[in-house]
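Next come the structures, one after another.
Look at the two complexes coming up: subunit A is in both, with subunit B in one and subunit C in the other.
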Partner chain A sequence: MTGDAWWSATKKASLYLVLCIVTLTVCFPLIWALSTSLKPKSEIFATPPTLIPHSTTLENYEALLGGRQQYYQSGGASQAMGPTPAQFFTRWFVNSVIVTLGSTLISIVVSTLAAYSLTRFRYWGRSVIPYFSLLGYMMPSIIFVFPLFLMMVRLELTDNLLSLVFGYVCITLPFCMWLMWAFMRSIPIEIEEAALIDGASRYQVFAQVVLPTALPGIIAASIFSIIVSWNDYLFGRVFINSLDNLTLTVGVMLFFEGTHVDWGLLMAASVLMTVPMAILFMALQRHLVAGFGAGAVKG
Partner chain B sequence: MDVKLQGINKSFGNVSILEDVNLLFPSRKFVTLLGPSGCGKTTLLRMIAGLEEVSAGTILFGGREVNKLAPRDRNIAMVFQSYALYPQMTVRRNLGYGLRVRKTPPAEIDDAVERVARILEIDHLLDRKPAQLSGGQRQRVALGRAMVRKPDIFLMDEPLSNLDAKLRVTMRGELRRFHLDLNATTVYVTHDQLEAMTMSDLIAVMHKGRVQQFGTPEDVYSRPANLFVAGFIGSPPMNFLDGAIDLGRFKVREAALPLPPLASGVAPGLDAVIGVRPQDLSLVDTAGSDALTGKVSLVELLGSEKLIEVQVSDRKRISVQVHAATQVALGEKVHVRFSAQSTHVFDKRTEQSLLAEAAIGEARQ
Partner chain C sequence: MSRFSFLSSDRAVGLLFIAPFVVTALVFMVYPIAEAIRMAFFNYNPLRPDLVSYAGMSNFEFIFSDPLFWSSFGQGTVWTLLSILFQTVFGVGIALLLHRKLFGMAIFRGMLLFPYIVPTVVIALIWRWIFNPEIGVVNYGLLSVGLIGEPIYWLSTPTMAMASTIMLNVWKYTPFVVICVLARLQSVPLELYDAAKVDGAGAFRRFLDVTLPQLREVLIVVIVFRTIWTFNKFEEIYLLTKGGPGTSTFNLAVYSFEQSMASLRLGVGAATGVVMMIMLMIGSVVYLRVAGFGNEEKEA
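Showing the complex of A and B:
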């Protein structure tokens, strides 16, 4: 091996080493959570701690995923011992899915139409609206929470999943709109004019030409909205009171209440919360980069 | 189908883009809107397409007013400068889109797409997306998309400007052939006078939102209506000299250059400008009243010809195109002879051709 080749191989090896260390550091909490969730109770606090469990069990996952059924079988809210958080896990999971998908759907539909209007029609203020909307996104959420809560009280929507849907829309819509605006600006107007001349109506132009071209932007904005809504704690804590209507992030905090924290159950819940996001992210990350890239360069 | 533009005006706010455009494009002719950037030619094309509203005036297709008709109801096809292909569709779907939205049966769409693809020699690209095509191939797909619907009027907005020089020459010939095959009226926009001259049946030269001259390529080249047309058409550009007309000759410094017979009726003493193309000038050995004397300041070899720049006064240079074999040295004193037949005369104040006016007057008598 010549000196240059040796040097180049060493450089490559050191780079990979650094990358491996960084990746392991980032992934360690998730690996640890997965490991703990698979350990029997007796092994969780064993010293020395083990990363790979000596014996594995799915009892934590069974408790979380089967808890709801047990709850109903044991008489629901009337049971003597009172309900446990595990019995509500699937319910909270469904609630989180509903508010996440609901708010994302509204944000995407409104932001796409708004961005189309801002880039294609001439009216007063259309050039400053995107920047103002971005300014709104830069405010801390805590500023919005209480005015929104008061509005929800008036609308009689407190302790209702709809209040969360609207709350998340308030947070995600400005950024989604700015992102879609930047993306729409990069779509040449000539392709719409070509479609108009080809015989398409305005609606057909939007549905058949603009939307498919804007798909990477729509995916990027959707991922952003999904992450924000799925991970929110603040709105869920303020707007919702009853156990039945909680979302995952707030609900999982209840595992800490009481004298005894069941770490195995908590870690299994964390893994189940993280997995859908991880799968979604891995499946769509290519579009996410394309979407944010278009916004960055042409926006 | 013929296209008639009557008193067309277009303005954006206070800015006037087009003023009183009156043109008739006869059926099945290849008509070019030619002019420099910002002259309003693309706006005019977009108004014919229905993509811009008309501020005032009427557009008629075959005698029917189309001002209020949507683009899709005009039975036109347009090729854009940027090609404007649908990026997410394959070439096949791009070509068939116009027929699909018009609810043509799928079998007919397939037949039409295959036929056009064969003509344009893009049948092997039908399953590719636009991003996988070269510039020339994209251009053909854009052309194919316009051809597949058999439109009455074909509109083209500088379709060759994104191609390299060699491909542009090839495509010029092909576009002309397609026009003859399609039998549709073609309106073509370009700023390239060579494209206009080689492809068109008729040319409308435009400048500052107005039509300067409308005629055959030969008309606009040989009988320019005004100074702008004379200077814009022809390469290398026409030489202009300021002077005054006196007794049928053009007085400029010590010379009295000959003028064509049509100029004999022009009022004596009128301030005028003459224009002569470099190809119509020649170098002679002896000085004379029909020649200007100067020193050679630049020699450019163009291939079979040489372009020689002669400094005839402190601030005036004229270009002369001679055969490449002509031996001329930099700084050499030469005599440039003007011929009466190829000299154009313009009124300095109005910038209009005095020969054209004289010809009209003669025709009236």
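Showing the complex of A and C:
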């Protein structure tokens, strides 16, 4: 091997080493959570702690998905103490899915129609609305949450999943609008003109020409909207007050109430809450990066 | 005018398509903001909606004379500045590391961007578990390699609680910086590096003289955006420490929430929100000037 080749191989190896160290450090909290969630009660508090469990168990996942009725004491004996958070886990999960998809659907439909209108028609205000949206997505939700809550009280929608759908629309619509606007602007208008000349109506053009072309933008906006809605704690905390109607984020924080924190159960809940986002992320990573490129991200 | 001609008239189609947005935005964005500003001038107890009374400037007088408001402001500023500093440094570092064509890079990239999509509640739970003073793995690790002599109380001493929330925030949002910087790096012309190499510049000099100037614009935009968002963050602090121990990790968002939710002074909470909005407007003006400045440069 020549000196140069040896040198570049060493460089490559050290680069991989650095990458592995950085990646492992970054991912360690997640790996540790997964490991804890798979450990039996006796091993969770073992010293020295084990990264790869000696014996794995799915009991934490079974407790959450099967709705376990009892709290476990550290000795392994069980004792009834009123409703347990585990009982509600699947229900909260479904609630979270409903409000996330509901608000995303509204935001996407509204912003796609609006972005088309703003980039294809001329009327007063068309240049102001995108910047208004930009301002809207800088707004922290803490400013919206109480006025919206009082509005929901008047509409008698408190403790109703619909209130959360509306609340999430308020935080997801501005950046969906901004992203769709940026995306629609980049779609050349000539294809539509050709279709119009061929005798297609505006609606046919929109449905058959514009929507398919805008699909990557729609996917990117949907991912961001789903991430933001799934992540929300504040609106759920303020708008909802019955155990039945909570979302995952607020519900899972209730695991801390009571005398004894069941870390295995909590970590299993954390893993289950992250899995839908992980699947989405893996399937659509490319679009996520494209969305960042368009400058429409909330964080 | 017949129904058909109304629907097929182009101008009408345009207005029809924008209408849902205008209605939604008026109801769910403009109205709440206007209401938040109005509430700042009223005494408002959510349990007694019948007892709303005009308060003039008294809510603002209350917060400006409240030491907790000012310490929240100060703590929020420290939290923001340190978070942004670390996010930027780590973000640029990781982006440079990832900006190579190597086998398996997609996997590394995916794993390093992953924290961005992990829900804040989940991160807060994991943080509370691994930073637990008695049974947490972080203290165990530090103790066993001898870096510390006794357990660190990560979440129950003011300085360490602040450090923990900063770590949480940096962990979750560094990927944001990475993606933005990575996107920019991909458009840096390679000839610039070749020219620098010919001139005999080492790797570090090439970073300082070639890469960094190219990243200047995107970094300014990212830093302004992140500063505005980070300053107003609520969940990243509240879920981990509830603003504690005591009030040592309060920022303005937590202060506003506690005034509204725990003390039932919605007016005071709203006044805090108005102060946050004013600072946000200043930040946005800075952003628009920066962005505008960038555009002029591009056109020239």
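Note that in this section the second predicted complex is superposed on the first by the 277 of 299 C-alpha atoms of A that agree within 3 Å, B and C clash if a C-alpha of one lies under 4 Å from a C-alpha of the other, contacts with A are read in each partner's own complex, and residues count from 1 in each chain.
What we mean here is this: a residue touches a chain if its C-beta (ideal position, glycine included) is under 8 Å from a C-beta of that chain, and two chains touch if they have at least 3 such contacts.
Computed from a prediction, not measured in an experiment: that's the story for all the values here.
Participant: Based on the superposed arrangement around subunit A, label subunit B with subunit C as either clash or fit.
Facilitator: Superposition result for subunit B and subunit C: fit.
Participant: Any idea whether subunit B or subunit C touches more of subunit A?
Facilitator: C
Participant: Please work out whether A:V153 is in contact with subunit B alone, subunit C alone, both, or neither, and reply first, second, both or neither.
Facilitator: second
Participant: Looking at the overlay, what does A:V209 touch: subunit B (first), subunit C (second), both, or neither?
Facilitator: First partner only.
Participant: Between subunit B (first) and subunit C (second), which, if any, makes contact with A:E190: first, second, both or neither?
Facilitator: In the superposed model, A:E190 contacts subunit B only, not subunit C.
Participant: After the superposition on A, what does A:C27 contact: first (subunit B), second (subunit C), both or neither?
Facilitator: After superposing on A, A:C27 lies in contact with subunit C but is clear of subunit B.
Participant: Where does A:L65 make contact in the superposed view: on subunit B (first), on subunit C (second), on both, or on neither?
Facilitator: A:L65 contacts neither subunit B nor subunit C.
Participant: Touching A:S201 in the superposition: subunit B (first), subunit C (second), both, neither?
Facilitator: In the superposition, A:S201 contacts both subunit B and subunit C.
Participant: Classify the contacts of A:L162 with the two partner chains as first (subunit B alone), second (subunit C alone), both, or neither.
Facilitator: neither
Participant: Smallest separation in Å between any Cα of subunit B and any Cα of subunit C in the superposed model?
Facilitator: Least C-alpha distance: 10 Å.
Participant: Share the list of subunit A residues that count as touching for subunit B in one structure and for subunit C in the other.
Facilitator: On subunit A, the overlap between the subunit B and subunit C contacts is residues 201.
Participant: Which part of subunit C faces subunit A closely enough to touch in the complex?
Facilitator: Residues 8, 10-11, 13-18, 20-21, 24-25, 28-29, 31-33, 35-36, 39, 46, 49, 94, 97, 100, 102, 108, 110-123, 125-127, 129-130, 135, 137, 140, 144, 171-173, 176, 179-180, 183, 226, 228-229, 232-235, 238-239, 253, 256-257, 260-261, 266, 269-270, 273, 276-277, 280, 283-284 of subunit C touch subunit A in their complex.
Participant: Can you check the complex and tell me which residues of subunit A touch subunit C?
Facilitator: Touching subunit C: residues 12, 15-16, 18-19, 22-23, 26-27, 29-30, 32-33, 36, 45, 47-49, 106, 109-111, 113-114, 116-118, 120-123, 129, 132-136, 138-144, 146-151, 153, 166, 169-170, 173-174, 177, 201-203, 227, 230-231, 233-234, 238, 248-249, 252-253, 263, 266-267, 269-270, 273-274, 277-278, 280-282, 285, 288-289, 292-293, 297-299 of subunit A.
Participant: Quick one: which bits of subunit A touch subunit B in the complex? Just the residue numbers, please.
Facilitator: 188, 190-191, 193-201, 204, 208-209, 212-213, 215
Participant: Would you mind writing out the residues of subunit B in touch with subunit A in their complex?
Facilitator: For subunit B paired with subunit A, touching residues are 49-51, 70-72, 76-78, 80-82, 84-88, 97-98, 101-102, 145, 149.
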